[in-house]
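In order of appearance the chains are A, B, C and D, and numbering begins at 1 in each one.
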Amino acid sequence: MLNIGLIGAGRIGKIHGESIANRNPNATLAAISDVYLPAAEELAAKLHVANVYTDYREILADPSIDAVAICSSSDVHAEQIIAAAEAGKHIFCEKPIAIDLAKIDEALAAVEKAGVKLFIAFQRRFDPTFAAAQSQVVSGKLGDPRLVIITARDPAPPPIDYIKKSGGLFFDMTVHDFDLARFFVPDSEIVEVYATGGNLVDEKIGTEGGDIDTAMVMLKYANGASAVINNCRESAYGYDQRLEWFGSGGQVQVNNHHPDYAVVSTAENIQRSLPYHFFLERYIDAYVNEMQSFIECVDNDTAPATNGIDGRWPVVLAMAATKSLKENRPVKISEIT
Amino acid sequence: MLNIGLIGAGRIGKIHGESIANRNPNATLAAISDVYLPAAEELAAKLHVANVYTDYREILADPSIDAVAICSSSDVHAEQIIAAAEAGKHIFCEKPIAIDLAKIDEALAAVEKAGVKLFIAFQRRFDPTFAAAQSQVVSGKLGDPRLVIITARDPAPPPIDYIKKSGGLFFDMTVHDFDLARFFVPDSEIVEVYATGGNLVDEKIGTEGGDIDTAMVMLKYANGASAVINNCRESAYGYDQRLEWFGSGGQVQVNNHHPDYAVVSTAENIQRSLPYHFFLERYIDAYVNEMQSFIECVDNDTAPATNGIDGRWPVVLAMAATKSLKENRPVKISEIT
Amino acid sequence: MLNIGLIGAGRIGKIHGESIANRNPNATLAAISDVYLPAAEELAAKLHVANVYTDYREILADPSIDAVAICSSSDVHAEQIIAAAEAGKHIFCEKPIAIDLAKIDEALAAVEKAGVKLFIAFQRRFDPTFAAAQSQVVSGKLGDPRLVIITARDPAPPPIDYIKKSGGLFFDMTVHDFDLARFFVPDSEIVEVYATGGNLVDEKIGTEGGDIDTAMVMLKYANGASAVINNCRESAYGYDQRLEWFGSGGQVQVNNHHPDYAVVSTAENIQRSLPYHFFLERYIDAYVNEMQSFIECVDNDTAPATNGIDGRWPVVLAMAATKSLKENRPVKISEIT
Amino acid sequence: MLNIGLIGAGRIGKIHGESIANRNPNATLAAISDVYLPAAEELAAKLHVANVYTDYREILADPSIDAVAICSSSDVHAEQIIAAAEAGKHIFCEKPIAIDLAKIDEALAAVEKAGVKLFIAFQRRFDPTFAAAQSQVVSGKLGDPRLVIITARDPAPPPIDYIKKSGGLFFDMTVHDFDLARFFVPDSEIVEVYATGGNLVDEKIGTEGGDIDTAMVMLKYANGASAVINNCRESAYGYDQRLEWFGSGGQVQVNNHHPDYAVVSTAENIQRSLPYHFFLERYIDAYVNEMQSFIECVDNDTAPATNGIDGRWPVVLAMAATKSLKENRPVKISEIT
C-alpha cells in the first residue's frame, strides 16, 4: 500500500486526488497541500484525508509518505521535484517540468542522484485509444513508420491573460503533440522542426497575447519518417484529438470519443452528437490509468512509463518550433541548447 | 444530504455503494448490510462507512437513514421493499421486484400506502446512448413510432445452475429489452406478444436447464406499431446491445460502446476492437446516472424516472412470452393475470 | 459471343439492355421487343440495335438469338418463359415468375423439358455488399446461423393504383427479403411464417388499396434458426436496405450505400448525406452483375446462380405470410400448395 | 448534339471514349485517333465509331467535329492543344498541359486567341465525395478556412522506368493534391511552399529513379490559412484518397470509397474490406462527371469548371516543391515563373 501526498488541489489535483483515493486499491491518499488552504481542506473532507497543509514541505517531512503527486502551478514543478527527490519521495509530476532547460536538467539530476522514480504525466499515452493504437505500432505488424499526422484542436481559446502566461501555443498546447510524436515513433528521435502559424481565431491573441492561435508543425525523424502536427485554439465542433500513423505495413487511426453513440436519420441527413467537449471529459480514463501506472512502477520497482527525458523532449521541440516560426526556416534540434 | 443504506454488498451492491459514496455529492453512504457480513465489512472499509450489519432491518431501524438501495438477491426484493416502505424509507431497488405478480402488487401497495418513492433500476434507460436516442424519440422530431428492433446478446452463457434458478431467458435477459420496448414507445402500451426460441448455443441449456438460449419476441403496441427483440446467450464478438427505432419522421440507432476507438488498416482489412465485453463495463456510467436520478427524485420530491409500474410491466411481458413460446401462438396481454 | 433478345423496353428493360450492349464484352444485344413499339425503337437507336419488334415471338423465331431477357410486365412472365423454352432459348427473367403456383410450376416444367437455363433476377444477391456478406457466411468462418434481421424500407409509397395491382406488400416488396432470407441460410429451408402488419403510413393504402404498408414477418428455419423481416412503404431518410446475420462464430452486417462519403462537423452535430434514394441508384452495379452472371452461366454451361426453384420459394413465403396476417397465427409452409 | 473526337485510345482514352459514347445523351463519339492504330480500331469497334485515324490532325480537319478529348501522352498535350485551338475545336485535355511553363503559356495563349474552351481534367473535383465536401465549403456554412490536410497514397509504386519519365513525385502524383488545395480554398491563392520527402518505400526509386517516394508538402495561402499534403507511392491497404478541411465554422472530411459496405464481427475484431484498389475503380464516376461537365460547358457556352489557369497552377506548385525539397527551405511562389 503506497502512501501518496498530493501537492496542489486545483482542477487537475482534484482528479488525481480522487483517483488515488477511490480508484486505486494499492494506494492511499495520505496528505494534501495547497497554497490556498481551503482548496486542500475541501478536497480532504471529500476524500477522507486527515493531513492538510499549506506548505508542501510538510508532506515531504512526513516519513510515512512514500510518494508525491505534483499538481501545483507549472512554475514551481522543478523546485518541488528537487525537494521531493532530496526527501527521498517518488514523484508523479504534471507536465511540464519547467520551460527552461537548465531548470529541467537540474531537476533531472536531483532525481538521478536521489535514485527516486520520476513519472511525467503525459496522460494521452494512457488514453485507451491512443494506447491501443500505439501498441499496434510497437507490435511491428504495421511495419516501419513513414508519416504521422497529429490533430489537436481546443473547443475555445483561453482568456488572453492565460495566453500571456502560457509560454505560447507550442509550450502550452503542442507540447502534448510533441510527446505523441515521440510516443508513436519510439525507435527514432526527431532531428528537425519546421513551424508555421498565425492568428486565424482572434487577432487579439496576437496583438495582446503575443501568441499565435493556429499552427502546423512538421517534424523530421532521424530514420527519414516525418510527422505533421496541426493545432487550433478554437474548434466549432468541440475538442478534436486525433492521430494517424502510416507505415510500411499499414495504418492506425486514433478517433475522437463521444459522450454517446446514437445515430439519427432524418429527411435531411444522418447525424450524431459532437465529441467530448474538452480534456477533462475526454481523458478521464487516461488520468486514472496514468496514476495507476505510476503506482505500479513504484510498487514493482520498474521504470516509469514516461520518465524525465520524456518530460524534457517536448520542451526542446517547443523551443525549436518557436525559433522556426520566428525565422521561417527548418530548425535542427542540434541548434537547441 | 441524503443518507442511504445499502442492502447487499455483492457485485451490483459494490457498484451502487461506490457510486453513492464517491460519485454523488448530495448523498452519503451511511450503512451497509449483507447476509454475509465479511462482504459488507470489506466494502465498508473501502468506502469509509461506519455502520455494518448482517440484518438489513438494522438499517431500517436507524432513523438517520433516509433511503435504501436494495441490491440483495432477487427473491427477497419484494419483502425488503415492503419492510422499507413500512419503515418510511425511500427505495431504490434492482430489478425485478419479483417474478410473481401477487408479490409485486403487494409490494407496490405497501409503497403506495407509505407514500415513499420506489425507483426500479433499469439501468439502460440511464445509459448515455440509450438516453440520447430516447430523448430524440420523445422530442417528436422523428414522428410517430412504426417499428422498434432491439438486440441483446450476452458474450457467454451463465452456468446451467444459474439458468435453472433464473426464471428463464425471458425473465432473466429479455426483461431489460421489454423495458426498453416500453421506454421507446412511451405513449402506447403493448397488447400482444409472440415469442419463438430454441437451443442453438448449448443443448444442455434445454435438457438440463429447461430453458432456451436464443429467442425472437415480437410485440404489438395498441397504436399499431410493433417491436421485435432478439436475444442470445452467447455472442462470439462480445456483449451486443443495440436498438433501432423507426418512425414516420426518421430513425434513431443505439450502437455499441467500445473500450477504444482506434482503427487499424492492413493489407487484409480495416479493423477495430470488439465492444465492451459485458454489462459491468458497458453500463458503468448508466449505474452512476441511475443512482443520481434516484437521489435527485428524493431530494426534489419528484416522481421516480422508473417507478413500480415500470417494474411490473416487464414481468407481465415475460409471462406472456413464456406462454406464447409454449403454445406457439400470439398471446394477448389481457390473457395474463 | 452470346446473342440476346430483350423483351420489354421499360425502366428495368433499359437497364438490362444497356448492360448487355455496353457492359458485357461477351454478349450482343441483338433484338428488342416491346408491346409499345416506340419504346423499343428509342432504346434500339441508343444502343445500336437493328431488330425491333412489337411481338416478342419474333425474337423467339430468330435462330441467331441464343437467349432472352424477359423484362415485360409480371403477368406475362410465365407465358413468355414457356414460349422461350419451347423455342430453345436460355432465359433471364425478372421476378416474379408468376404469383400463382400452378403457373410457376407449368413454366418450370417447360424449362426442364426444353433443357434451357432459367435465371431468375433477384438482383440483391449480386449487389457487392450483399454478395460480400453472404460469401462470409458460406465461408463457414462465422459458424452456424442463429438469427437473421432484414430491413427493407422504400422512400415513398407507390400510387394506390399500383398497390391495387401489386399483389400486396408481401408479393411486391417482401418477396426480395424472402429471397435474402434463403440466400443467407442456404443449408436449411424455411418451415414456418408469422406475419404482422398494418397501415401506419397511409390509411388509404388499407381502405382503398386493400393492403398493409408496414410489416414484420418472422421466419423459422428447419435447423432452428429464425429470421425477422421488417418492411415499410415509406422512409423519411430514403431507401433503407440492410441485413444482419448472426451465427455461432460471429456476425455480418450489410449497410446502406451512399452517393458520397463526406462527413461534416458543425457546432450542432456531425452529419453525412442520406443513402441512395431508391433501387435504381442503389442496385445499378447489381443489375450489371446479375446479367454478367447469366451470360457466364450460358457461356460456361454452368447452373444459374438463381434458378426456377429460387423464383418459386419467395412466392410460397408470400402466400404463407398473407395467410398468417389474416389469421394472426404462425403458418407452416406445409400448409401452402 | 456535340460531335467529339478522341485523341488517344489508351487506358484513360478508353474511359473517356466510353463515357462520351454511352453515358452522355448530348454527345456523339465521332472519331478516334491513336498513334498505334489497332488501339483506336479496337475501341472504335466496341463503341460503334466509324472514323479511325493514326494522326490526330485528321480529326482536327473534320469540320463536323466540334470538340476533342486529348488523352494522348503528356508530352504532346501542349502541341495538340495549340493545333486544336487553331482548328477551332473546343478542348478537353488530361492533365498536365505540360511541365514547362513556357509551353503552357503558349498553349493558353493559343486557346485565348482562338476563343475556344479549354477544360483541364482534374477528375477529383468531379468525384461525388470531393464535390459534396467542396460544396459545403463554398456554401460558407463552415466559415473561413484555417487548415487543409490532404492524403494521397498509391497502392504500389510504378516501375522505375515510369518514375524516370514521370517528372518526379510532385509533378506526377502531388499535382492532383495541389489542385485540390486550390479547389478547397477558392478565395485565396497559395504564396509559399515547403516540401520534405525521401525514400521510405524503395531505395531504388532514389538511386535509379532519381525521385522520392514519400513526401509532405506544406502550403501557405495569402489569407493566412495553411495546407499540408502527404503522399506515398505505396500503401499496404490500397489507394488512400482523403481530405480534411477545417474552418472557423466547422470541418468537412472526404473519406475513402469501398467496393462494399459489409461489416464482419468475429471473436478477434470488427472488420471491413479495403478501399477501392486504385484510381480507375475509385474515380469511375468522376471521369463520367467531368466529361459531362465539359459537354455542358460547350453546349451552354459557359466557363469550363477547370480552365487553363487551373491547369497551370499545379505545375507552378510542383516546381516550387521541387525547389524547396532541394534547398530545404520554404519557397515563395513569386520565386517561380
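Operating definition for what follows: a contact is a pair of C-beta atoms (placed from the backbone, for glycine too) under 8 Å apart; a residue touches a chain by one contact, two chains touch by 3 or more.
Small disclaimer: the values here were computed from a predicted structure and weren't measured.
Chemist: What's the overlap between the neighbours of chain B and those of chain D?
Modeler: Correct list: A, C.
Chemist: From chain A, which chain is the farthest off, judged by mean CA positions?
Modeler: Ranked by distance of C-alpha centres from chain A, the top chain is C.
Chemist: Report the inter-chain centroid distance for chain C and chain D in whole angstrom, where each centroid is the mean of the CA atoms.
Modeler: Each chain's C-alpha centroid was found; their separation is 39 Å.
Chemist: If you average the CA atoms of chain A and of chain C, how many Å lie between those two points?
Modeler: Computed from C-alpha means, the inter-chain centre distance equals 57 Å.
Chemist: Centroid of chain B to centroid of chain C, CA atoms only: how many Å?
Modeler: 42
Chemist: For chain B, what residues touch not just one other chain but two or more?
Modeler: Within chain B, the residues that touch at least two other chains are 236-237, 249-251, 265-267, 273.
Chemist: State the interface residues of chain D toward chain B in the complex, per the touch definition above.
Modeler: Going by the criterion above, the answer is residues 236-237, 265-274.
Chemist: Would you pull the chain A residues touching chain B in the complex into a rising list?
Modeler: 18, 22, 25, 46, 48, 128-133, 136, 141-142, 249-257, 259-267, 273
Chemist: Mind listing the chain A positions that touch chain D in their complex?
Modeler: 143-144, 146-147, 149, 151, 153, 194, 196, 198-201, 214, 216, 218, 220, 224-226, 228, 230, 232, 234-237, 240, 246, 248-251, 328-330
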